[in-house]
Each structure stands twice: as structure tokens, then as C-alpha cells.
Amino acid sequence: MQMNISARNALKGKVVDVNVGAVNTEVVIELPGGDKVVSIISKDSANKLGLALGKTCYAVIKASHVMVAVD
Amino acid sequence: MQMNISARNALKGKVVDVNVGAVNTEVVIELPGGDKVVSIISKDSANKLGLALGKTCYAVIKASHVMVAVD
Amino acid sequence: MQMNISARNALKGKVVDVNVGAVNTEVVIELPGGDKVVSIISKDSANKLGLALGKTCYAVIKASHVMVAVD
Amino acid sequence: MQMNISARNALKGKVVDVNVGAVNTEVVIELPGGDKVVSIISKDSANKLGLALGKTCYAVIKASHVMVAVD
Amino acid sequence: MQMNISARNALKGKVVDVNVGAVNTEVVIELPGGDKVVSIISKDSANKLGLALGKTCYAVIKASHVMVAVD
Amino acid sequence: MQMNISARNALKGKVVDVNVGAVNTEVVIELPGGDKVVSIISKDSANKLGLALGKTCYAVIKASHVMVAVD
């Protein structure tokens, strides 16, 4: 299903790590090429989405929230 | 130089596309595994950082700015 | 189709105004109760989503991006 | 009092739910038309603002933080 | 008038520079101690707020939007 | 060392307060002129950066995340 959202980055990948905290849950998403993106969402959201290891999902990031840095 | 910033995602990659707009500049960063992240920053910042094709840079993203979606 | 995203606010409504700018497009979304939410997204995203007057869409907002103020 | 802030959305409403967490507090604001917006702010901020049930307040959201999605 | 908003940083200062762009306006705010904060808001918002040189205003920043970096 | 990042605000200062919470850590950074900026980052990030009292650091803030308000 093509997920249509205005955010420029909707990077499809798989959940490879889930760290449930007191308030938030940290989710590590591995992209097809092996690069990893870390997301922190509320515990409720993580439960609602059923984010278990291996689950296919999208890392959704507004392009304006991606900063660029150089050495 | 190890760039230490509190943002959880400092993804090293190369600039593969630069679209200079009236106000902002869109920068496409290719990660080592081939996945691409789109950033929109101000034209001034893009010039200041010298973001030309092939330049090594970091896509810096706070983990709390990475949302997760599922089909 | 129930769109599952970790953002706590996915407010369903209709497009009631679209202002196309040089770089961005301002979209006004009217919620079922008549309240209006203003979004600014890139012109490309607005075109990609086909955001014309009357179109049903979701205003997607992370709960942590909603500040609260009092008089 | 007209609250003047650069954020395009300063939606006036009433607090209809407050969930105090370990670190953050979730505040549900009902707009005049009945639509609800969820905010997550720090516990300290919620206490400082005296956000009790029925209190009039504003949901303050930058337009660039409102994404748009379509089915 | 004490402006009550959940954002932890409401830094009072004066406008010392205003750069009007095609879409956005860049506002430089000097804090009492001489340090400067740069804000980019929409042109409409800048006009609505009457942000002229010397005007007293607040730089409003959510604490979670302040990242920390070290050399 | 000139830290090159696209964020327009990289305000150099010293850590004057650190409040470690269950999930997040609140860091207060005093700028050269005496003004203070509050940052909330994850506990892990604060530990990784070694943010102890007196440490020199940068408050990194995207200009588009600085809103402006007036009385």
C-alpha cells in the first residue's frame, strides 16, 4: 500500500530492536541497505502499532527535520 | 573528527543530489547501504557547508523526530 | 483504510483553502466540528497528494509538537 | 487577551483529560467544535500552567509541524 | 504581561535584525546578555507581529528542540 | 573547532545545571552573556556527551524551531 504523507522521508525497513522505557519506547529500524535509524515514540504508540522484532514499518521524517553536518 | 551531538541519528553518507530553491535547498544524502534521506535546509546553510555532489556529510535527526508508521 | 502512524494526532478533515507559495503551500484543513488547522508543506508534497478543495485528508501532528498556552 | 505568537495555530479549547506520567503529562484539549487535540508536555510545564479539567487554553502548533496525509 | 506557554524557553530580548525573504523572514533576537538567537518564521507571521528593529519579543523554544553538542 | 551544522543556532555556553530524570535529562546551558537555555535530551545522550557542570557545549537549535511571541 503506498502510504501518502507530506513528509518527504517514508523509509521502509524492519524493526531490529525495541527498548521499552518508563515513558517512551526506542525503536531501531534497519533499512534495506543495512543502515539503521533510531526512533523514540511513546510507549502507547509502540504498543498500538504492534512494533515487534522483524515487523515491516516506515521511518517517517519531515525533510525539514533532517539537519546536515560536515566534519 | 567524531562529531558529538545529542541527536541519536548522525547518519554518515554522501550528497547525491542538490536542488537549490528560492529559499531552501533540498539535499539528498545516500547512506552506505544505498538508502536515501532527503533534507531541506536554508540556502545559506547549504552554501556555508559547501554541500556539493559527492561530499561526505551527516544526516542529523533527533530520534523523537522519527515517527513510525505501518501499513 | 485506517492509517497507522505513531503520531498521536491524525485528525481527519477536509481541505478548505490552499495557498500555493514560491516554495511552500499553505493548506487549511477543516475538522468535522468546524475548527481549522493550518499546515505548511512543500509545494511538491501538496502536488503529490493532490490536495484540492474538498479533499478528505488527515492533519498529522506529533503530540510533543503541540504546545499548550494559557492567558 | 489576543495571544500573539508566530505559530499559525493557536487553537482555543478546554482541557478534557490529563494523564500525568513519570516524566511527561498528556493533555487532551477539546476544540469548540468537539474535535480533540492531544499534547504531550513536561510534567513541570503542566503544573506551572495549572492545566486542570475544564481549563481554557490554547493548542499552539507551528504550521510546519502539521503534516498532511491522504488515504 | 507574563506569557504562559508550556515551552520551557521563552527568552525575552529585542529584534536586532530582520531579513525578509520570498517566503520566510529571518529575525535575529538579542538577549539581555548580548547573545543572539536566529528565528525563521513565515513572512505573514512576522508582519502580523510587527517585528521591527528594537521591538521587545520572546524567543519561544521547546526544550526538546534544543540539542546539545560538544567538540 | 568550528562545528559545522546546518542549524542556524549553535550557541556556545557552559552547563550550569543537570537534572537527571527517569527517561530524560534536563540540561541548563548558560551563554556568555548570562542568558540561559534549557534543553531536554535523552539520559543516554547526556551520559554519552559527558555533560557535567561547567562543561563547554553548544545549544544547537534550528532557526525554524525558534518561534517569536510578543506581549
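When the chains are written out, they are named A, B, C, D, E and F in that same order, and each has its own residue count from 1.
What we mean here is this: a contact is a pair of C-beta atoms (placed from the backbone, for glycine too) under 8 Å apart; a residue touches a chain by one contact, two chains touch by 3 or more.
Please read these numbers as outputs of a predicted model, since none were measured by experiment.
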item	value
Touching both subunit D and subunit F (chains)	A, E
Label of the chain whose CA centroid is most distant from the centroid of subunit E	A
Chain pair with more C-beta contacts, E-F versus C-E	E-F
Whole-Å separation of chain centres (CA-atom averages), subunit B against subunit D	31
Gap in Å, rounded to a whole number, between the CA centres of subunit B and subunit A	16
Distance between chain centroids, defined by C-alpha means - subunit D, subunit E (Å)	21
Shared-contact residues (touching 2 or more other chains) in subunit B	1, 3-8, 22-23, 39-42, 45-46, 49, 60, 62-64, 67-71
Chains grouped in pairs wherever the two touch, ordered by label	A-B, A-C, A-D, A-F, B-C, B-E, B-F, C-D, C-E, D-E, D-F, E-F
Residues of subunit E touching subunit B in the complex	21-24, 40, 64, 67-71
Complex contact set, residues of subunit D against subunit E	1, 3-8, 39, 41-42, 44-46, 48-49, 60, 63
Residues of subunit E defined as touching subunit C within the complex	3-7, 22-23, 42, 62, 64
Complex interface listing, subunit A residues touching subunit B	1, 3, 5, 7-11, 26-27, 29, 31-35, 37-41, 45-46, 49-51, 55-71
